[in-house]
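Chain IDs A, B, C and D follow the sequence of writing; residue 1 opens each chain.
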């Protein structure tokens, strides 16, 4: 019900902002994520860990998602954590080491930058204001989470504050792996910040983040990969459209996984949570982009590669989302 | 001169097609790449290895490339091979283990599938037939490479054969790493093929390739990553345009690398050849896609990460492409 | 002083033993380490984390260590933790992602197995009872840590309980990486246990542990390796002595690192804490075993590989252990 | 028959020695292995590739091997190559990417160093000259391979030339992975050599090789590991004997694999060829060394980890070595 009906007025309940002593516009912040994780289940208090998270397919009428044309309805899968390992009562036959990441992290925009965001996103919305799902989301005063602000200050800020869903020049919601996406589970993060005075100019950083991933991500050595090109399901040729190419790659992966007994929704939800890799493969050979999605085979507890004996059929289980005609 | 002026009528000189005994439409071919590589320099004969390859920036007037708006002119960098290691006389300070891959591999289309390609690509061209660079390339009889065909057979085939540049449902030019891109260097490949009768239906494979990468690709454990979102350089907001997001990520990387002394063209050519990773990171948070490009730091022989002491300035060398005003 | 003088009567303060419901002799326990780590520094209470650990060279007169012939005196290096990253005020120029591991974990021995240990270790001690350092350590009632036992029960158990230092058939102190070795820092571990009834016979497990490492250990892709063979420093030929071969490999690594400015003790302490790999390379070619030690180059903040310009000399710093004549 | 009976007078047919221009004693050679591999099967000529290699258990009476006490008789397994992949008609259920390596590479010793080898190895032999297998092997003029030498030059050299089996200060037979061990298959190697004048002193290299492995070794992400300690099968306690600890670890692995249907000889031959890791784990906790052997689970085409359902029994096949009573 929550995925289907709850209005997405409050998406992210963020910590911060923090004031970094001595930092000025143009400086480069070097942020080390010392630790990040869900709060353990056994802890008490208002943010007590719940030991689980979820992945949702938001319906087209409530924001939609990556494949909303093919998956217009709401579905949800719960992921249970045992140590680092995630399994789902709704998607049998898989388990993987979750990659915990903050999802959303960024700097606060200047008033000038915020105005640019609202202008350009408003212009996009204006091209098709009644589209479902919307092209972009304007500031939403209702349910705005603005810390200690109240009264007129609250109303002024809520009327112009940017929604936190999209990533922008300040960083923001640059999801890389989606395990905790949509989760409302309490978590924690431990940061260290250094300031490089004038570093934005020194290193040619106009906007957006430079980052260096850690060296303890889960390792997989065997992958099953699917490619897609920028042609629609209706055989319309698009020009170097890597977003479409990636949608086609993911749809190919979903079609493949259904041969093993998964419903399309289960396969889609799995892609939304597992440590897959989405890659831009060919971006120059007109008119077709080529994008690829890589799935680690070790997350399945059955053989998932093609063989002469054909696919094993797993029991999708009573908790499986109902499949829909496509 | 070749990058700038040579008409791209002959792009790929392919081996094949091979007839696979017993294979019929609907069967799934399992192709193992047993070995692939450039022909060693010391071999003799018409395809003798030359010990080098190149990466080119094709000018807008001759086809263009991924960042042709920012890089409209022709540039070229030679890569010299010493064993698996590639270095360039035109891009100092870097060396890396090249990932040798065939670049282009696929099945021959049926007459029906070929007709669909020509129809949909022709429709795209018709929307802006005089665009430079073109939206797509129609069949090109001039300089067609069609093996033993001659006379009327040649002319009929050349008039309708699809160009090999783009990837399509049959696989084709699905470049993943671009080292050998544009290379005319003779190479070899050793394949093993199994046939899974009826396997396309069994495994839900309608088109395009499923593949499993080998486990001997060069390993890197430290990466410098740049992100981009789907906003143009003119601050126009696009809707979930992952292709644009990746262009912006690459432009951020180029800007960063120029602070170390590289010309923008050198940095761009480096991205076109080195074992970088291009990833689709955020594809759902309207209106902004987020794409990322990861560069392994170990390919540089100087410290390339941000530090308080600022970037080292390398000597771009006399062989460096001239920089252009941007 | 502690490394030099404190008698090693209490080495490990262990948690447990735990009784596993339903487990009987011959069953196989499958233990999942869900989480393990030091207690964060900010926690309070008697086991509050201290944010640091240490590596020690125990002097020959107080137990000695792996290279006690070459390093007979006491030294100690403190490692400070910032997130997962360890640095040392005593060994400049290095930092690495620590691999947290329990070090010591095992099952309680049966009375019969305990008797066998005491018999065979006693027989070894008897061959040279006054050797310094000792060949093995008999039960040590003084300072024995035996939980709630007291009075006669304490005395009986303390008189025959095996020392926890060596690994034995029950698992025990099977150190793989030595970061936390010798540390008295409070830590925690979260375990999950399954019982495979009769599994020891089913899987041919007579003793010792089978284990599967996790897939989130820190990754390194460039290593500097040193080999050694089973010939003593006095040029005496030993027969397939892999322990000696590994000592020689480590001494070669230490000699190499001193050329960069480290004292031999600093280099030795570094090998005792960093995520190095010690490998048995050649074990069949009489009379020489070959063992190797691999050091990840990324842990150094200076170039550590051989080059024509010779080794950089780092400043070993005021906190460096004094070097000794060798 | 060859493994059992052929006298091991000619073990290695080496290429070289090569004279490196300008190199003098005390200089450090930096050797890059540009390429190495078996000669392809389709090549012709006296060294035509045969597409296979083998692993042998040499019987105690013909030199013996690592576990000769437990495996005194001769066995042999053929490995067939398809591209990089090795499978065996004698060890079903496994396939892996072979790691091709030269096995043996070194510098020629000075007359003085050669004299030291012969002296110290002769002294070892003299302690038990009739031992089977021998403690070491003296120079063997019979079947000596000495290039173009003949007549008196041949006889003088053959009488004092060191056997190539063991690794020594000059490098030599430092096997790391044993795939090509014992193989007589023709191969090739492409080297690049740089000379660092006086580099042995500059870098503290007295002997033996420093090396840096490449970054294209096959990657595995799941391992099954077995540990062993320095206690004999007869329960005799040895003092920090890492060679024995590793023998015990390997025997544990062999016992485990026999539960899946392999004969002990098959399991032992598998350990001798597959890309396993042999590690020195605990080397300081008197009296027990701890050594470990890691086997990548992906090389098996059946589930090889412990589970409640017990081990799968594979069909060891008609080509399986006969099992012996142990």
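Convention: a contact is a pair of C-beta atoms (placed from the backbone, for glycine too) under 8 Å apart; a residue touches a chain by one contact, two chains touch by 3 or more.
According to UniProt, the chain labels map to these proteins: A, B, C, D = Acetamidase.
What you see is a predicted model; the values in this text were computed from it and never measured.
Repeated interface, listed pairs B-D, C-D or B-C, reference A-B: C-D, with more than half of the contact pairs matching by residue number.
Compared with chain A (Acetamidase), the chain whose C-alpha mean position is the greatest distance off is D.
Per-chain Cα centroids separate chain A (Acetamidase) from chain C (Acetamidase) by 42 Å. Separation between the centroids of chain A (Acetamidase) and chain D (Acetamidase), computed from CA atoms only, is 49 Å. Work out the mean CA point of chain C (Acetamidase) and of chain D (Acetamidase), and you get 28 Å between them. Counting partner chains per residue, chain B (Acetamidase) shows two or more touched chains at residues 215, 218-222.
By the touch rule above, chain C (Acetamidase) contacts chain B (Acetamidase) in their complex via residues 218-222, 298.
Interface of chain B (Acetamidase) with chain A (Acetamidase) (complex): residues 28, 30, 63, 65-66, 116, 120-121, 123-124, 133-137, 165-169, 171, 173-176, 194, 196, 199, 202-213, 215, 221-229, 231, 235-243, 246, 248-249, 252, 255-256, 258-259, 277-292, 294, 305-308, 310-311. For chain D (Acetamidase) in complex with chain B (Acetamidase), the touching residues are 32-35, 82-84, 97, 190, 192, 214-220.
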